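Both complexes below contain subunit A, partnered by subunit B and then by subunit C.
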Partner chain A sequence: MIERLGFDVLFKGSNFIRLLEGLGIALRISIISVVISIVLGIVVGMLMTIKNPIIKAITRIYLEIVRIMPQMVLLFIVYFGATKSLGINLTAETASIIVFSFWGTAEMADLVRGSLISIPVIQYESSAALGLTKIQTYIYVIIPQTIRRLIPLSINLITRMIKTTSLVMMIGIVEVLKVGQQIIEANRKASPNAAFGVFATVFLLYFLACWPISQFSKYLEKRAI
Partner chain B sequence: MNFEVISSYLPLYTEAFFLTIKIGWIGILIALSIGILGAFILHFNIPVLSIIVKVYVELFRNTPLLVQLFFIYFGLPKLGIVISVETCGAVGLGLLGGSYMTEAFRSGLEAVPVSQTESAQSLGFSKGQIFRCIILPQAFSISVPAVLANVIFLLKETSVFSAISLMDLMFTAKDLIGLYYNTTECLFLLVVFYIVMLLPVSYLGSFIEKKVRFAQFGD
Partner chain C sequence: MSEVLKIENIYKRFDELVVLEDVSLSVNVGEVIVIIGPSGCGKSTFLRCLNGLEEIQEGKVILDGEVINPVSKSTIKSREKLGMVFQNYDLFPHKTILQNLTLAPGVVQKRKRTETEEEAVNLLKRVGLENKKDNFPRQLSGGQKQRTAIARALIMHPEVLLLDEITAALDPEMVREVLQVVLDLAKEGRTMVIVTHEMEFAKAVADRIIFMDGGKIIEEGKPEDFFKAPKTERAQKFLQSFSY
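Let's turn to the complex of A and B:
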């Protein structure tokens, strides 16, 4: 049964470890991108609440670009376009971190902006009435409330980032899917049904990586309300 | 940028553009049908089916489309289920989208306040009437923004089809870059076609969102 479904290749040699290592590369890229996105996203999100027409126009164009351009297209532009037109030779990993941070920053900024403007005006007014300065208002009143709303949403961003990193195989990074393909190719004769077993395993691995995180985010979201 | 090259590539891109749109929208229609069905099953808490829907939603929301497509296109034939690339793309997108749409419609149904049901009951509405005339219109209005965001997300996800050699925009661009090295022109056309595909949907989406905002009336 195991052989008929092609799960046997996983137990040959170090195949399963190699798959896990591939997943590790995808996870590493997504963690780095998430950290960059969260830091930059908070800054950009706060900038977006400033009522300055120029900043508003720039951030709107930025958000719109990210909203309608598939990440795969951005990946190709940065990886192939930058080399060709700017002469910069980026490694595939750097290119993917740049693209995912560019995308994640926009997503994060939108979340930050959303939770900043969702704080009722009354909070600002009450703080002013209590004699808090502007900085004190932000530190003691606004930011703690914003963070409570932001944490579940930014954790959710991590799972989306992990799912998106599966695209990096298209620019030649050997991550879990590519390793899977290599294993299938190498065992084409010995276990012709490997494709089912290997891809089912990859499917499950991604699920096991993302599901706990998204459940955690759901739990925090319920608690935050 | 060489415009002669661009004009000579245009027919190839146009062909790919229509294929992408066709498969994208078939996938979205499948997603919408699965979503509505799934949300109803969860809302009415139908015994066995609701567990199946829950497992399906969690499985497909927590895995990338690329992995799902690889599994459907390369894995399933080993069990004797062989489907064409186009069908695989549409089905894969439909299954992924279905899980997102189920969530969108379900949260819409849940977001209708209980007081609405109670008020309708006190006015003598029957159960069917309450669902049809009170819950459904409001749930629809509430879930529209999420559904539209999902539509844009799914149209963007069509770019993943290129990985299973479906001749979509992304595949055409990749193919031409590999053949002739006109990287700048190919990427430029790619961006232009994606803008043509998604910008109208994005604008139409915000227009529809404003039109159907009746459930939040008075807030």
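Let's turn to the complex of A and C:
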């Protein structure tokens, strides 16, 4: 049974460890990008609520570029384009972190902007009527409410970023999906059914990485508000 | 009678639109003033000018001898002396009922938590909500939210209470419980400026009725005189619109 479904290859040599290492690389790229995206996204998102036409235009164009461009195209532009035309020597991993942060920052900023403007004006006014200063209003009333709205949304973004790291194998990074492919290739003769077992395992690994995060978000959603 | 709040010839404009035109009023300590008038007559805007939520273009609002509008740095400090309750529920949704009350006295007046909590519980008792103190606003009915909002304004020990159509968004059966609280406050001698559409309530609570229309004060007088025999035609028409 195990052989028919092709799970046997996982127990050959260090195959399973290699898959885990691949997952580690995928997670490292996504975690670094997520941290950069959250920090920059909060700043850019706050900028987006300022009523300045120039800032509005710039952030708008940025957001549209990120929305329109497939992430893979961005990866190619940064990795191959930058190396060739600008003469900058980026490692594949740096290139992917740049691309994922560029993408994540835009999405995070839009979430921050949305959460900020969704706070009703009456919250600002009733704080003012109680004698709170602008800064006190933000600290005690606006930001706590914004964060509560932001948590589930940004966790959704984080899991999407983790999943999308599978693209980085296109610029030669050997992450979990690529390792899986290599294992299947190498065992084509000995275990022709390896594809199902290996990909199922890859699926399971992604699931194990993302599921706790989305459970955590559910927990926070329930506790908040 | 000593004067606590003085409004001198204020004008409020939104671009071309004149919302308030040369409005003057003086509020004495312990007085309950009820402002009535048709929708869009500027009465809510007028109330919001009193604590500087709306900036005025001309004139002055003076509280205890200090200018509160035109808005300046001292406005923020003065606002704690003017409690305000709004039409739409304005409680902080992320805080419990007790925390809704204790936030501002802690942050603005730097009072001790033990002291503010004790006072908050007493105030909640007064408005009949002490068993809701650990609930969140979303678990309360509209009437309960408005009573909480009144308690939240009271804990700041305001000199004047501004109530902006606080029952307008409520289901009819909840109006009474909120207005009863306001009536009790009036009996205690609280100074209040109230905007309302509830004429019976206005009659019962007011020391003075102000009738506004088109951004101006058209008529003012004692409630018994005003409701029995309004002097101006506009006020007569307005009152007629309430009877079927």
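Here are some notes:
What we mean here is this: the second predicted complex is superposed on the first by the 219 of 225 C-alpha atoms of A that agree within 3 Å, B and C clash if a C-alpha of one lies under 4 Å from a C-alpha of the other, contacts with A are read in each partner's own complex, and residues count from 1 in each chain.
In the analysis below, contacts are C-beta pairs under 8 Å (C-beta built on N, C-alpha and C of every residue); 3 or more make two chains touch, one makes a residue touch a chain.
A quick note: this is a predicted structure, and the numbers were derived from the prediction, not measured.
On the shared subunit subunit A, the superposed partners subunit B and subunit C are arranged side by side without overlap. Shared-chain residue A:G6: touches subunit B; no touch with subunit C. For subunit A, the partner touching the most residues, choosing from subunit B and subunit C, is B. Shared-chain residue A:Q145: touches subunit C; no touch with subunit B.
By the document's definition of touching, of the two partners only subunit C reaches A:Q123; subunit B does not.
By the touch criterion defined above, A:S214 reaches subunit B but does not reach subunit C.
Contacts of A:E64 after superposition: subunit B is touched, whereas subunit C is not reached. In the superposition on chain A, A:K84 makes contact with subunit B only, not with subunit C. Of the two partner chains, subunit C is the only one touched by A:L132; subunit B is not. Angle at subunit A between subunit B and subunit C, computed from CA centres in the superposed arrangement: 90 degrees, to the nearest 10. Superposition on the common chain places the nearest Cα atoms of subunit B and subunit C 14 Å from each other.
Once the two complexes are overlaid on chain A, none of the subunit A residues touched by subunit B in the first is touched by subunit C in the second.
By the touch rule above, subunit A contacts subunit B in their complex via residues 5-6, 64, 67-73, 76-77, 80-81, 83-85, 159, 163-164, 166-167, 169-170, 177, 180, 184, 192-193, 195-196, 198-200, 202-203, 206-207, 210-211, 214. Taken together, the subunit A residues at the contact with subunit C in this complex read 120, 122-123, 125-126, 128-133, 136, 140-141, 144-145, 148, 224-225. Remark: subunit B residues 58-59, 61-64, 66-68, 70-71, 74-79, 152, 156-160, 162-163, 170, 173-174, 177, 183-184, 187, 190-191, 194-195, 198-199, 202 touch subunit A in the complex.
Taken in their complex, subunit C has these residues touching subunit A: 51, 53, 76-77, 79-80, 82-84, 86, 88-94, 103-104, 107-109, 136, 138, 149, 152-153, 156.
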